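Step one of this worksheet: look at the structure below.
Chain nomenclature is as follows: A, B and C, assigned in order of appearance, with residue numbering initiated at 1 for each chain independently.
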Amino acid sequence: MPPLEMPLLEYDGLRVELPGTARPILDGVTLSVAAGEAVALVGESGSGKSVTARAALGLLPSGARTGGQVRVDGTDLVGADAARLRAVRTGVASMIFQDPRAGINPVRRVGDFLTESLRLVGGRTRAEAEARALELLTAVGLPDPARHLRQYPHQLSGGMLQRVMIAGALTADPQLLLCDEPTTALDVTTQAEIMAVLGQLQRDRGLGLLLITHDLDLAAATCDRIYVMYAGRIVETGTAADLLAIPRHPYTAGLLGSSPPLEGTPGRLTPIPGAPLSLAEAASGCAFFARCRFAQPGRCDLTPPVLTSPVLTPPVPTLPVPAPAAPTLVACHRADELIEENR
Amino acid sequence: MTADPDLLLQVDGLRKTYPGDGAPVVAVDDLSFSLRPGGALGIVGESGSGKTTTARMLVGLERPDQGQILVQGTPLVARARGRVARLARAKAVQIVFQDPYLSLDARRTIGATLDGVLRLHGSASPARTRELLAQVGLGDREAAALPRELSGGQRQRAAIARALAVEPAVLVLDEAVSALDVSVQAQVLNLLSDIRRDTGIGLVFVSHDLAVVRYVCDEALVMYRGRTVEHRPVADLLATPRHPYTRLLLASVPHPGWNPEAIGLQRRELAALQAPLLLPVDAGGGR
Amino acid sequence: MSAWTTRLRRLGGGPLVRMSTVVLALFVLVSVLAPWLAPQDPTFGELGDSFAGIGAGHWLGTDGGGHDTFSALIEGTRTSLVGPLAVVLASTVTGVAVGLFTAWRGGWVDTVVGRVLDILFAFPALLLAILAVALFGKGLGAPVLAMAVAYMPYTARLVRSLTAQEKVRPYIAAYQVQGHSEVFVALRRLLPNITPTVLAQSTVNFGYALLDLAALSFLGLGVQPPTPDWGAMINQGQAAVLQGQPMSAIVPAVAVVLVVVAFNVVGEHLGDRLAGRES
């Protein structure tokens, strides 16, 4: 579905560099989200996934040197003026964060939080704004929304408050929802409910969804396509089913081998040695070189690998999936050989 | 309950309440379980289930209102008085906390921290410090480092070494891997299973993550609103969950073909139940 | 000499910190060596010499009574620094003891002591000092004691909130679980972790105490002439300012400002360094 229309959100070689760091925070990030599509960006701490999400609202770390483009609905946000950024933030893209309590004024009622932007930006009257807020709270599945409108944030649980934040993000009628670890602070059962709400919004309203998460299983269970990020670079991308079945990048494979399974015989985990690359550490070639068990000195540590389609397409998983909706791309010098080995 | 010296840990009828806005809030109610030498029990639950309160009672940071904790047949007191009693209490149960950034003294190097514990327990020597560090996969460089110079995974290893330095009978891990990156979490999980295999220490593994509990433990105890709703061998519990809450927990774990919408429904039904539905508890052993 | 410069360099910090350290060291040195450094007896004045300008005889001139300003400044360093030092030492030691004990104990002890501290806050330090002077007479002893009492709640309140914050941290719980005694954990493990912030507060207190004591002397209630003291010197010199002879008031005033600022700079830097915010 995406190739013909212009994607809603498109990163084109986004590079963000902060003074005093050994490597860029983001290094040539290329990523797209189409309308009605759920896309996940998966990475560990320090991978740059949150910085990527913020860039879609034009929020870049101050003092950063940037390159490349971030287009939201056709508008490039890198170096855009305030008016253009405001137009994107109030009409096209909204964001949800990890901690719902950090994003809401604790001494104001939930209703005030929701109606404020509806009245100020949307130009609605108080009654209209309240009616709309009620509608939105119903849409995010909050039971008894009229009562919650009169409550203060501390009277709501974390899961309920995250629903309020989603409703708040919807006040601008966005086409694109950026979700930065929206369920990490919540219990697993609450996580399921929040993901259900996000999935419904994506399907019913045709929203584009970018889910930022550290949880590859959550990403695969809820999104169509996945981008895996390591040390500021996209190392692999493909459909969720494909990526989970046949991970091409050693890092993706390492992540999968690191999480204990719920089913099957529990063998010993095969963790990735070492720790993620910090901003103080530079990488001359592949950023994963130091932790990769397939790394070849003299080859992998010379130039950074480029995101390309592996030469050999491995057998498609047994499910009757049509040809993959999105090509699998991987940034690994040895991708072709490793696929050959795994056959 | 009769004291059974063959059991490493016996917990009987533990109850803890906190003063609330009117009626006291029951954090843990009628909790009983036991652990054989070398056994590993997972305590599974969500926030507010009482699992962290349980961990804190086991190490004496909270005093239970009712009930008893026995380690190798000897009852534990919540607040030990006097040096001998304190050291004996410490030798019974140690703990590793969730946040590796707050659980180490920022002013002391890892080596000095370990040394302090060893000196208190009269077994300090450079060789012992090095041995402990090696046991958790750390070396001289980490020994000389302050916590802030180490990664999250290294700090958590140091916290494990600190607990092991006391040579406790039981080690409590309170969400000890949930703050770590996935790749690092796997390293620590493997480390824990190695320690279990090599030392015969008893583990009480408090976590919200069923998959992690399955990897480390043989038995799991599911807590819901302070009560035990299911306590069985992990494999059985995951294969044929009996309590609706256990089923809900299992269904909530993201997997291919996941249907989160059904979970919301399931959860509301469960919440509508006035009291947690109690099923006969069949533990793997000890009861 | 080289040992001193390396030690100074190891202290770190920018040129401002180094300059402030030198200034403080200089003043401390001067206060110790005052009797040998002062070229003249500051208590001796000849009226014929009044308002002598800066010159070979009097490096910083003289005041209206013909006292040598430079010598008075040097001799005054002692009383001007010893007073606030005593205030800060006494208030910090008692404040830390009260704050640490109550917050560690918690419960009703904490509530009661908290209320008592609130009441003590209601008394301005200077007023309390004046009251003490009225009861026990002029001089340095009574005001210092009164101000120590008045300054204690600031430190106690700070230590109390820092301790309450710190004691719930898991590293403190870990020390308890290891089998250390409560006294050991509170004094030897928790206290060092809050010391940098307490030190910073004490530095600020030093500045205020110096100002308050100078004000007291300025009012004629503190150190009595002819004992040299900066505050008293400003008092003596204020009338002369109107006569167009500001030197004898400006010199001690500059000394007060210099020491207060230097203490703040060094204290803040020390606080940062001990807190490990600087690698």
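What we mean here is this: a contact is a pair of C-beta atoms (placed from the backbone, for glycine too) under 8 Å apart; a residue touches a chain by one contact, two chains touch by 3 or more.
Model, not experiment: these values are computed from the prediction.
Of the two chain pairs examined here, B-C and A-B, it is A-B that is joined by more C-beta pairs in contact.
Compared with chain B, the chain whose C-alpha mean position is the greatest distance off is C.
With centres taken as mean Cα positions, chain C sits 55 Å from chain A. Distance between chain B and chain C, defined via averaged C-alpha coordinates, is recorded as 50 Å. Chain geometry summary: the mean Cα position of chain A and that of chain B are 32 Å apart. In the complex of the two chains, the chain A residues touching chain B come out as 44-45, 141, 187-189, 191-193, 195-196, 199-200, 214-218, 220-222, 241, 244, 254-255, 257-262, 266, 268-273, 275-276, 291. Partner chain A is touched in their complex by these residues of chain B: 46-47, 151-154, 181-187, 189-190, 193, 208-212, 214-215, 238, 248-258, 260-261, 263-264, 267. Residues 169-171, 173-181, 189, 192-193, 276 of chain C touch chain B in their complex. Against chain C, the residues of chain B that register as touching in their complex are 59-61, 80, 83, 86-87, 89-91, 93-95, 97-99, 102-107, 117, 120-121, 146, 148, 159, 162-163, 166.
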